[in-house]
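Structures given as C-alpha cells follow.
In the two assemblies presented below, chain A is common to both, partnered first by chain B and then by chain C.
Our next item is the complex of A and B:
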C-alpha cells in the first residue's frame, strides 16, 4: 500500500468535515428557521421560505410577533406554571428517589430485594399505557386542603406533580451510583455513632453531585416537555403548563409568526441551558445506557 | 449485598417508604387497574353503576372476519361489470345488516383483496382500532431499526478523533432537548403544502421538476412524514447511548485489529459490533417503547387523519378514554399496547441472548 500523501490526507479530512457539517445543518435548520421566522411578519415569513432568506434575520425584522403572542395567551402564567411544576417535581424526585436508593444499597431490611425488583420491573411499563386508568384514579382521590376534604385532583398543581415524583429510572441511577461509593465511609460513620439520616445527609449526599446532576437533568427534560398528562388532567387555564398552552395557537388559519415566537420563547431557554451544560446533558443520557 | 451492616428494618422502610408508596400508587395500581377496567363498562363520569362485561371490550375491538364475495351476474348469466369494466360485487352492508348473519352485525369493511373474480373482504368490528394497530406496528417496525442504525452511524461519526468533534456531537443531540410538541408544530410548517420548506427545497434541488406534495394531507405520505420527523428528533438520544457503548470497547482490541491488517469493515464486524451487543438490546428496547407510545406528533400534526392513516393506539386510547370519557375502552387499548411492548422486549432480549 502506498503511503498516504499529505494532500490526500488533507482532502480526506476536508471530506470528513464536509459530511459532519452537512449533517449538522440537517439538525439545526428547523431551529434556526423557527427563531428567524419569529421576527418576521407572516407575509414575509411565507415568501422567504423559497430562499435562504428563511434562515436569515433580513427584511422587516421586529418583535411584533412576540407582543401579539402575549396578547393572545397568558404566556407569563403558563411559564410560571411550568417552572413551578417542573422545579418542585425535580427537587422532590431527587430527595425521595435518593432516599430509596440509599435504603436499597446500604440498609438491610426485610423485603428489600423483592421490592427492588418490582420497582425495576416498572421500567417496562410505558406511561402511555397507564395514563387512562391513572386519570380515573386521580379523579377520585381525596385531598385535604384549605377547604377541608375534597374529592378529585383534576385541575390542580398536585395532579401534575405528585404522580411524577418517584420513578424507577431515577431510583435505578441512585442505586447504581451508591453501589460504586466506598462502603468503608458508611461503616466508619456508623461506628462513630452517626444515625442513618446523618449518614444519608452528611456523608452520602455530599458525595453524590454527579448522580444528582444526571437525575435532575433527565427529570427536568421529562417534566418541562410533559404534554399528554397535563392535556388530560388540566382543563383550567389557571394550571396549564407551556406545552399545553400551545393549543391557543392552533386554529384554522394559523398565525405562523406568533406560533414561531411562542415556540422560540419556550424552547430557547432550554437550548441555552443545554448548550451551557452540554457535557453534563450528554453524560446523563449516556449513564442511562450503562446498564449492561 | 451489605452483609457487614446490621439489619435495620425500621430505617430501611422509613427511607424507602415514600418512593415505594408513590410508585405503588401511581404506577403499579393503575397498571393492574387497566386490566380490571378493560373487563368493565366504566366511564369517567356516569350515573349508572359500573358493570362487569367479561371480554366484551376485547371482542368489540379485535373481531375480524373475511367475507368471500362472488361477483354479481346479469340477466344473461355474465359477470356484471361497471363502466370501467370491473366486476360488480354485492354490497358488504347487505351482509352485515342481514338478520341471517347475526355474527357479522355491526362490522364494517376494513380492506379487500381480489383473487381472480372473487373479492375477499376483511371486515372488522372496530376498523379505526385495527388501523391504529397496524399503523402503530408499522411505525415501530420502520422506526426502530432505521433510527437504531442511523444513531449508530452518527455515533461512529462523532467517535472519530477530530478537532472540534464535541461541537458536532452537541449539535446532533440538540433536537432531543426540544419538546416533541414544539418539534411537531415546527415540522407541520416544514411539511406544509404551500410555502413549506420541504417542498421548496425539493423543487429547488430538482430545478422545479418536483411537484409540491401535501405531506400531511395525503394518506400515503402522512405516516412516513411523521416517521421522518420522529427520527430527526430522537436519533441524537440513541447516538449518545451507542457512543457510551463504543467507549467501553478496549482500545487494545482496535490496536490488535490494526496490526492484523483488518479492513475498516472487518474491524467493525469483528471488534466493534460484538462489543456493542448489550447496547444494541438496550437501544432497540428503548426505541421500541418510545415508538409504541406515539402520541404528541399525531395530536399536534394530524389528529389521526387523513382517512385514519395516522391513527395510533395511544392516540385512540386518549381519544376514547379522555375525549369520549370511555375509560374501559381506553384501558382495553392500553392493555393491548402493554402486551405488545412486553412481547417485543422479551423477544428482543431472547434473540440477542441466544446469539451471544
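Our next item is the complex of A and C:
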C-alpha cells in the first residue's frame, strides 16, 4: 500500500473539493437562475437562457416583476395562508405523531404491533388514490363553529389542516427514534412515580430535539408544497395557498419574469425554516448514522 | 314617546332591509380569469352592473386561475358544491353536461341568433352554454415575406391549396432567410394540439371521431385521408420545415417576431404582439388540403350548473352579459373575437377595416367546432399524443390505428357516452 504523502493528501483534498463544488453548483444554480431571472424583463430573460448571463444580474435589471406580481395576485394572502396552514399542521403533527410513537414504543397494549404494521402499510398508498374519497368525506363532515353546527368542511383552513395532522412517516420517525432512547430513563421515571404523560412530556420530548427537527422539516415541505388537496377542497380565494396561487401567473402569454419573482418570494419562508432547523436536522441524520 | 318612535322606525327599517334581502336571491358564478387583471375587471364590472340593474338576483363572483379551473369544478361537482353559473371551455361542455355538472340553458334562441356558431354550445339537441367571444387561428406572416418569396396572397374566397402551401414553405426553406419555414406551435402542448391541428386533419377529409355516430374513430382517424394527413404532418418535421416537439416555449412565443420563422400558425390572442412588431403583418386563412379550409372554434362560455336551483336567475345573468357593450369590452380588453357582428363594429380591432377584422371573417367562414361529445376530453389527449409521436418519427399507420383503438375502447367503456 502506498504511503499518503502531503502531496497526495493535497491532491485528494483538491479533487474532493472540486466534486463538492460541482455538486453544490448543480443544486444552487437553479436558485440563482430563479432569482436573477426575477429581475429581468421577459425578452431579456428568454434571450439569456442560452448563455451564462442567465445566472448573472446583467442587462436591464429591476424589481418591476415583483411589482407586477403583487398586482396580479394577492401574494401576501397566499403566503399567510400557507404559513398558517403549514405552521399549525406541523405543530399538531409533532404533538400527535410523537404521542403515537410513544404509545407504540413504551406502552403495552393488545394489538400494538398489528396496528403499527397497519399504520406503516399506509406509507405505500399514494395520496392521489384517496383524494376523492377523502374529498367526499370532508364535504359531509359536521363542524361546530361561530355559526353553530354546519355541514361540510370545504373552503376553510381546517380542511387543509386536520386531514394532514397524523401521517405514517412521522409516526415511523418517532418510533425509530424512541426505540433508541435508553430504557433505563423510562424505568427510573416509573419507579419515581411519574405518569406516562409526565414521562412523555418531561423525559422523552426534551431528548427528542433532532427527530422533532427532522419531522418538522419534512412535514413543512409536504404542507408548504400542497397543491392537489387545496385545489379540490378550496374554491374561495381567501383560503388559497401559495402553490395554487402559482397558477395565477400561467395565462395564455406567460409572464416568466413574474413567475420567477413569485417563486423567489414563496421560497423565502422555506429557506428560512430550513436554516433555522438545519443544525438539529443534521444532528438527527448524524445520530441515526452512528446509532448502536 | 321618543322611544316608541325610535323602535317603530327601527322595526320599519329592518323590515325594509330584510325585504330587500329576501327579494334578492343570491347566485354564485365561477370564472376562470384569476390572475388576468383585465379579464377580472371586466367580469367584475358585468356582475356589478347586473346586480345594480335589477332587484331579483344578487350574483357573487369567485375567480379561479385558468390552469386549476377544470379540476376545481370536477372536484366541486363530486362534493356537491357547484355554483349556479359556470364558465366552461366549449369542447369540454358536452362532458360536463353528460356528467350532470350542467343543465340546459333556458335562453331564448332569438337572443343568440346573430352569434358566431362557435360561441353556441349545444349538447343532445339543447343549448347548454353560450360564449361572449370566440377564438380563431390564422397563418401569420408578413407582406414582405410573400413579396420576397414571390407568393400570391391567399384570401378567404381563394385560400392556398395544400400544394401552394407546401410550395410556400419550400420557397421559404430554400431562401435560407429563416431558421424554419413554418412554426405550428409544437411547444404549446395540451388543448392547442386538437384545437389547432385537427382542422388540418379535417381539411384532408379525416376527423378525430366519426361525427355521424360518435361511436368510433375507425375509418376517420385511420382512413386514407387521415393517413395522408399523418404523412404530410410528419414531413413537416422530417423535411426540416418546422421545429418539432422539443421546441422551446420561448421560441414559440417570440420566434416569429424575432424573424426566426417565415409563417406561424397562431391565434388571434397573439395577433396584437405581431401587429405591434411589424407594420406589414398578415393573417392568412387556413390552406385547403382538399376538403375545405378549416380552423378550430369555441372558447370559454357560460352555462348553468346541474345543481343550481335558480336556472332562470342564472339565465338572466348570462343574457345580461351577452350585451354588445360587454362583448366589445372583452374584445378590446383581451383581444378575443366578439360573438356578434354588431359588437365587432364597436371594437377597435374587429370593426370593418380593423387590424384583426380578418379573424371575425375567418371564424364565420372556416370555423369547425371540435367533436361535440363527452368523450372529447379523452379523444383530445389521444390525438395530442398521436400527433406528437408522428412528429417524432413514429409509424403513421400504426400510430393512428393505436389512437383509434384507444378512443374506441374509451367510448365502449363509457357505454357510448349517451349518444
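Following the convention adopted for this analysis, the second predicted complex is superposed on the first by the 237 of 292 C-alpha atoms of A that agree within 3 Å, B and C clash if a C-alpha of one lies under 4 Å from a C-alpha of the other, contacts with A are read in each partner's own complex, and residues count from 1 in each chain.
In the analysis below, a contact is a pair of C-beta atoms (placed from the backbone, for glycine too) under 8 Å apart; a residue touches a chain by one contact, two chains touch by 3 or more.
A quick note: this is a predicted structure, and the numbers were derived from the prediction, not measured.
Of the two partner chains, both chain B and chain C are touched by A:232. When the two structures are aligned on the shared chain, A:72 is found in touch with chain C, with no touch to chain B. Between chain B and chain C, it is B that contacts the larger number of residues in chain A.
In the overlay built on the shared chain, the residue A:253 is in contact with chain C alone; chain B does not reach it. In the superposition on chain A, A:8 makes contact with neither chain B nor chain C. In the superposition on chain A, A:139 makes contact with both chain B and chain C.
In the superposition on chain A, A:115 makes contact with chain B only, while chain C stays out of contact range. Within the superposed three-chain model, A:152 lies in touch with chain C and out of touch with chain B [touch as defined at top]. In the superposition on chain A, A:62 contacts neither chain B nor chain C. Shared-chain residue A:49: touches chain B and chain C both.
Shared contact residues of chain A, touching chain B in one structure and chain C in the other: 46, 49, 132, 135-136, 139, 231-232, 249-250, 256.
Those residues of chain A that touch chain B in the shared complex are 13, 16-17, 19-20, 23-24, 26-31, 33-34, 46-47, 49-50, 54, 96-97, 99-100, 102-110, 112, 115, 118-119, 122, 124-137, 139, 162-168, 171, 183, 186-187, 190, 196, 200, 221, 224-225, 227-228, 231-232, 243, 246, 249-250, 256, 259, 263, 266-267, 270-271, 274-275, 278-279, 281-282, 285-292. Considering their complex, residues 43, 46, 49, 71-73, 132, 135-136, 139, 152, 154, 231-233, 235-237, 244-245, 247-254, 256 of chain A touch chain C. Chain B makes touch with chain A in their complex at residues 1-2, 4-9, 11-16, 18-20, 22-23, 25-31, 33-34, 37, 42, 44, 154, 157-158, 160, 162, 165-166, 168-183, 185-187, 189-190, 195-197, 200, 204, 232, 236-237, 240-241, 243-245, 248, 278-279, 282-283, 289, 292-293, 295-296, 299-300, 314, 317-318, 321-322, 327, 330-331, 334-335, 337-338, 341-342, 345.
Partner chain A is touched in their complex by these residues of chain C: 30, 34-37, 62-68, 71-72, 75-76, 78-81, 248-250, 253-254, 269-270, 273.
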